[in-house]
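Across the two complexes that follow, subunit A remains constant while its partner is subunit B and subsequently subunit C.
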Partner chain A sequence: MTAHDTIQPNLRFSQVGKSLTRTDAPGKAMGRTPYAGDYVMPGMLHAKVLRADIASARLKRLDVSKARALPGVVCVLTAADMPDRTIATDIPGQTGRDRLKTEQQILIKERVRYFGEPLALIAAESADIAEKARRLIEFELEPIPGVYSPEEALAPGAPVVQGTDNVVSTHKIRKGDTDAGFAEADMIVENTYVTPFQEHAFLEPEAGLAWVDENEVITIRVCTQVIEHFRAVADAIGVPHNKVRIMGAMVGGGFGGKEDVTVETYLAILAQKTRRPVRLEFTREDSFVGHGNRHSMTLKYRTGVKRDGKITALDVQILADAGAYVYLSPYVLLYSAVNAPGPYRVENLNVHARAVATNNMFTSAFRGFGGLQAAAGYEQQMDEVANAISMDRLEFRRRNYLQTGDPISTGFVPPSAIWTEKCADLAWEALGDPTPSEGPVKIGRGIGAFQQSYGRLTFLHDTSEAWVGIEMDGTVTVRSGVTDIGAGQASSLAQIAAEILGVTLPNVTVYNSDSQVTPLAGTTTATRALYMTGNAARLAAEAVRERLAEVAAEKFGVDVAQIGMEFNRVFVTDDSAKGMTIADLVKLAASRGVHRSELAIFRAPFTDVLDPETGQGQAHPDYAYGAHAIEVAVDTETGEVKVLKSVAAHDVGQCINRAAVEGQIHGGVQNGLGYALTEEMLYKEGRLMTPSFSEYLMPTAMDMPPVESIILESRSGLGPFGSKGIGEPSMTPVPPAVANAIADAIGVRVFEMPITPERIWRALEAARG
Partner chain B sequence: MYGEFDLTIPKTLQEAVKSLTAGGKRAVPLAGGTNVLVDVRSQRLAPERIVDLGRIGGLRGITVDGGRVTLGPRTTVSDLLASEEIAATAPALVESARVFAGQMVRNTATVAGNIACGSPAADLVPPLLALDAEVTLTGTTGSRTLALCDFYTGYKSDQRAPGELITAIGWPVPAKGSFGSFYKLARRKGDAITVVGVAVGLGLKGGRCVGVRIALGSVAPTPMRARKAEGLLEGEAPVPERIARAALAAAQECSPIDDVRATGEYRRKMVEVLVARLVNNAVQTG
Partner chain C sequence: MSTEKTINLRVNGREETATIPPHRTLLEALRGLGHVDVKCGCEKGDCGACAVLVDGEAVDSCLTLAQSAEGREITTLQGLGTPEAPHPLQQSFAELGAAQCGYCTPGMIIASESLLRKNPAPSDEELRIALSGNLCRCTGYVKIFEAVQAAAAVMRQTGETK
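Right after this comes the complex of A and B.
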């Protein structure tokens, strides 16, 4: 495959690329859209989860007799009731490839490994009774020594969280000759950056409703990014895969936090046991310990550089806190390793990345998926290196940016455009005139450029399906298993089908997110929904269009290439008087027995895993590039930060819905500002000290700057119409841009996020001596 | 999830006081509910009786009469922000109301509730302390009025006898030309618990500071007056060295702790920075 700056320069759209009202917007605006927690059934039970309150302990005693005796309690389950039940904590087995053998006990039998690990499940006639029963359960935990940081976990003789040692995963990338590169350098710059844990903090905590249907199928209505966990749930409860059905609902935010199984297993077990519908909704406190958070990482960067700005060598050592269970840590870490040098040409590269088990909350997927932490490392380091050689920060980057056609760290050449330089220059320029500093309040500016993949790891052999059909009145139905987590995943499919079939968007209805009824589309993760399922919908719609166009061509006596379809009409492109409505065309086609629907599958590139020693090969289908520029005001006496300006510049390939792209960018900025400045998960011996929104502080409307979005469309991506993706990329460059702006303002760097007022004050105190 | 409790909804103050007194230690008055409901849900509070004050007339409102400002106890934070009288007579209180929690909480949280919750971080209390506010307490045997600075007896404890309610908050209208301001240092701008709160009130007479009041939040078991700092400025010319000494004294006389928001060390330093800053602003404005 050769790389292109653009592949489809001359496309003209009637539906795609516009800020059309999304198909999901009216229902949400009017309060008509049901979320998973809104579903109820007659006779349903209410469930609660009892959790351990010590992070590393042995379960000495668990007595549920009082809870079971409480009137209205239908079922109390502990590990004693299902001694061998475990659930896989790894990537969903969508592709049939072997998964890592990582299993977690569903309920604690003996060993507690993290604060909040489930001990018992309760189902009762009301939520109040279930809660009362939860409080009646007596348990005794005997603390045993644990490890609460990767450094502790790696120390000789450290307690082992599980298995034989605490190293969960290691990835290496070796390219060129770093020894020679460092020898050639005029200067070597070495720094260590620390990135924190992060909670997804979606508006909608995990919730679901499960029942056993008339076919003995355990059916679970749940908010999830991955309905294909039905297989893991079936394996966990010991039924065939086709006896578990997961129906999604519109999801109130995912960000990776609903990528792993959350409430599904508990619901399935309770429904199976009681044979009654069961509802379970996590409280906010449950949610904080009910899904894996973002990995805290320590990233040690050592850069060799020439005075002219050429990077001669880069060595990156990454240590990630995987928490108590494996979950997606190996993959998250792989993203960190692959992206360690960022969007820069580094010929002599050595990356060594390790994920280490601790008795902290397990960590897993979160928007950016390890690539974000790497960006916090490489972009802060780029500023530090530029400062060390006294070169302008943007100029230093310009001398090192990857350009279209250049190989990345793994030797792979991304097939699409690499427009980092253009994006960075545009974002920087858009900051405009600098705000003047005043008294102790200093102004600073920062840039963050990035590389972030879209699409899943190519060795997972990812596929996605969609079905498109057209009715005799010219309306269109799309069916696909894709989950909609609020970013317009379903609406995008509608916009793609509308464009191809020549109808307007309100004429398309999407049915999605049902593991037994809609064609399986894979996960809504990894910035893949548009790329994968969008392509499946495109292929299906194109097949239908082709058949309809043949009918029209015959009717009008022209070549198929001359047939246009737009705004609910079909016409001859150079003689538009010749035409009819799409509805009439479909009727005509139907009368001839033409197949008016299509089920299509889209396959990502399939590769092997990367070389285990050198990390060379292909890891992802392709990458997105862009940059973010930030201006801050820092009070040098108190350490308070106010973000004044925020400009995002992204090459999204092609917008499907421009307003939705802007929405993702705004959300990514909020998420990134929180990571850089305010959000902090504090653990004390594994116990979460910030388990609610009074301690865990995301930026509010009062904290948000105006956000400007510069959207470039290279039309070079692998998604439909040359699109790439924006879900993760919108967030990735924000934290380092903020950190660089603060360092620019105050003249010293705070190497650990979140960059709190106190950390800034301490850094300034240290600099003042 | 909210436990079990009796709910009484009295129509008069006397009924409320009686119900609270009869309920004993585990009876809790409910005004805006922005603390009580959160505490009940988290089981920090397990009341046997909740006495809802929402149906009692005449408890909400702002009056300025005879050189005195009086607030009804159920006056909300949003009421303060909407009041021209408060804007004219208590600018520091307006500044604290503006940064108090978030809009929904401001719409329902009450002044008496913020005082009675006893949080060291109660944002309305430092400016009220700086205004020499008094609180009126009403119980079964009648009413009494005491200075707000004498109200707290320790962390989350105060002078109220069982069953007593705060029924008024009042202060003298500050002299013309006096200055008042409040600053909230927090980890974010909206809806945050205060890391350090500082209120300053003072006037200038013949180039000297008079009526100096410095009140601090989140740096001691209760909101507090920094009396040593006040004493160092009272009657003195506000020269930079004097202000710096007073700010340092304020930092020394508070007793902040470490928590998830900040360390005590940082808080103490910020008291010094902010007291100096607010006093300097006052002097420059005057």
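Right after this comes the complex of A and C.
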């Protein structure tokens, strides 16, 4: 244990940290929670999207006359009907920073850049008619040469996807002197790791309903992680920002896939044009090509090491496939660069990362956001280096882990505890006795340690707002724009407010996710909701508590510090006979005109961008650390992998809801196992060959191993009560842990994920020579 | 051209009528009648989000023609219990954190109920097999397994399974 062990050790909670039934849980279990696709309105139209079926082409002809003539069709729109409309695909900002140049055509004008790019929008009296109309649209695409991998895209004379060249973004990190570091090394280990595209595969396809209300406000009920997109939508359709309102609904899974605009713009345009309510729900196939996937990356690691395990230099070259439009690629790539060395001390570091446009599906945010791909690189490389110097894999890591107070790659010192070592040791130990190998079935074990930020890039100047008020009967209302994507984002605000105001969780109701009514909380992305909005709710609740406590202190004739509030009662801490219900306290406060609500804003640290040449500076507010251990059985005859054990150890700072933390870990494991083993997006000249769940295989109930969660609470994080975050961190270490376990089992490494039976078999064949 | 037909559907114990063309799936018909607790995840039988009980057996309603369900007993998640009197599966899913985003939950609970009616004490393996047609992207299934087993125990005790 270090000096930075659990801070605030005396904190005692009545609501926080427990596995309470989440406020959103009963509605879901009863089948009474409405999702965006469940809303209907009188006179509602049904929309469909017509998409291009070639990835790189020129639009020669588009004839919608037959579709328009079909009875029941109300509106068919093409780019010709809205000539200059584009939408920014940049990070949604409540920031002062300018956008990147990331305009995308809403509908294809002339050039098709990816398979599935939208050509036309249809609105009709029924979904059947809309679908029929979609099939009546005639179009001719003339194929033009495209580029389908970053390597192709970088080749001299390669076709340019958009703009002047295919490099979308570059990031550099330079620290120390890598030449000297490599010269000093006893050994240099060089490997290239390839990570795949990944589909979010949330169970709820994108859906929404839009209408123009009585105040000429285009109102969109939609499943999104980001209601702040109302600004981008307003800009795209040319109305003032306060004339677009986005109302979220419970989101049926996001994982980054509902972070960019999806159906909103189409809905807004159709509602504006028809002045009738319009509903649009993506089919699963639409969904596969309707949002950006995870960047496939090639990560080249070159590590200089001493025989005693000291890393003397590290050079990392990263090449990411950004697909046909920029979207969040520059930011994803920045995460990869910052995290390239992982949770290790590397004094001499050189990182060069590039994102390159291709005619593949555009890529954008996905749980782990570039940090995950980096982890697949650095953790596999740590094993390879350990093997090269014949050192135990955990021991080699122990000699290099960042410790609390150490600077990371950018020179920034994370303000919280770094407990990677403790987590890795605990996870490894929890694997217990090894399962014995049997015949061709070999057993192997792997570890993945990681570093993953929580909170958005600090140069974005992130803020979040929440309002907390207490009613005359002692019930509490929280209002905040935060979108709930299933991790309990709203419920954790309730738990925080309940803790501070001394009420029990069922007495708190959260109203969330309305861009014009609830205070804007910022995005539910980047593992930031708890950190940012949790803090805003905390500040608001504390302000209300303070005022109520003053009233109570005066009433009981004691000091404010002696006032306790718990389980719907207010009392004097050393004389609990003196007390009353919170409801009575609120009534008393109200009779004196005390302000019983508060709107609070929380600001993350604001910084400038990193130094463009050296990458030095602060990129994120803070980082989470932990590790994952895996045991696998690999059948060396068939290449089949079975995951036998999975242990997650995370320092989450402080659990708000323990069951919800465990749930995030379990889901992260499922996502990570799929990524490492089975989930494969196959493209042929940019055409997605796997647009369904019978072709794109994520782990089912049959595939999941038991998962053990070791949850540590350093209480050192920047979130409320010292919390950090677990949304992304839960997944990040899983893929390399799996890869390392497989390599351990079969004695050779498969350098490309997903590690399919075929790839294993090939690697074994190659090793057999 | 399709000819519309008016059919009677018995949903959650109530008679309802729908006028639909022959190709209309049970999923579309039920949602059209306002039973939006039946979820659509793929329309291809790949995800299980649309599962309902037809005569006590879980089926993917997206693969079932509405007309074929005429005269049969259809139960959706809402038909299993009410907020005042929840089904043990609904209770355990809520209390044990088995619903995260909740989109797979209707299908998961229906598939679990179908299993428990036939097999009140499923083994871990039997449970996994029974739920293997229901995808979930949020929970890794771990708490779903826990919730089903917890509900099964309650149901065995209270004799709710036959």
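As a convention for this text, the second predicted complex is superposed on the first by the 761 of 769 C-alpha atoms of A that agree within 3 Å, B and C clash if a C-alpha of one lies under 4 Å from a C-alpha of the other, contacts with A are read in each partner's own complex, and residues count from 1 in each chain.
We take it that a contact is a pair of C-beta atoms (placed from the backbone, for glycine too) under 8 Å apart; a residue touches a chain by one contact, two chains touch by 3 or more.
Keep in mind that this is a model prediction, so the values were computed, not measured.
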{"item": "Touching partner for A:H666 - first (subunit B), second (subunit C), both, neither", "value": "second"}
{"item": "Subunit B versus subunit C as contact partner of A:L682, first or second or both or neither", "value": "first"}
{"item": "Subunit B versus subunit C as contact partner of A:E637, first or second or both or neither", "value": "first"}
{"item": "Touched partner set for A:A67, first subunit B, second subunit C, both or neither", "value": "neither"}
{"item": "Touching partner for A:W761 - first (subunit B), second (subunit C), both, neither", "value": "first"}
{"item": "Subunit B versus subunit C as contact partner of A:M702, first or second or both or neither", "value": "both"}
{"item": "Which of subunit B and subunit C A:S694 touches, first, second, both or neither", "value": "both"}
{"item": "Superposition-derived comparison: subunit B or subunit C, residues of subunit A touched", "value": "C"}
{"item": "Which of subunit B and subunit C A:I129 touches, first, second, both or neither", "value": "neither"}
{"item": "Partner chain in contact with A:A494 - subunit B first, subunit C second, else both or neither", "value": "neither"}
{"item": "Common ground on subunit A, meaning residues reached by subunit C in one complex and by subunit B in the other", "value": "128, 283, 692, 694, 699-702"}
{"item": "Contacting residues of subunit C [partner subunit A, same complex]", "value": "21, 36-37, 39-44, 46-47, 49, 76-78, 81-83, 86, 89-91, 93-106, 109, 127-129, 131-145"}
{"item": "List of subunit A residues in touch with subunit B within their complex", "value": "127-128, 131, 283, 637-638, 640, 642, 677-678, 680, 682, 689-690, 692, 694-695, 697, 699-703, 756-758, 761-762"}
{"item": "Contacting residues of subunit A [partner subunit C, same complex]", "value": "19, 21-22, 24-35, 37-38, 128, 200-205, 250-255, 281, 283-284, 485-488, 657, 659-660, 662-663, 665-671, 692-694, 698-702, 704, 706-707"}
{"item": "Contact set on subunit B toward subunit A in their complex", "value": "1, 38, 42, 102, 185, 187-193, 195, 260-263, 266, 269-270, 273-274, 277"}
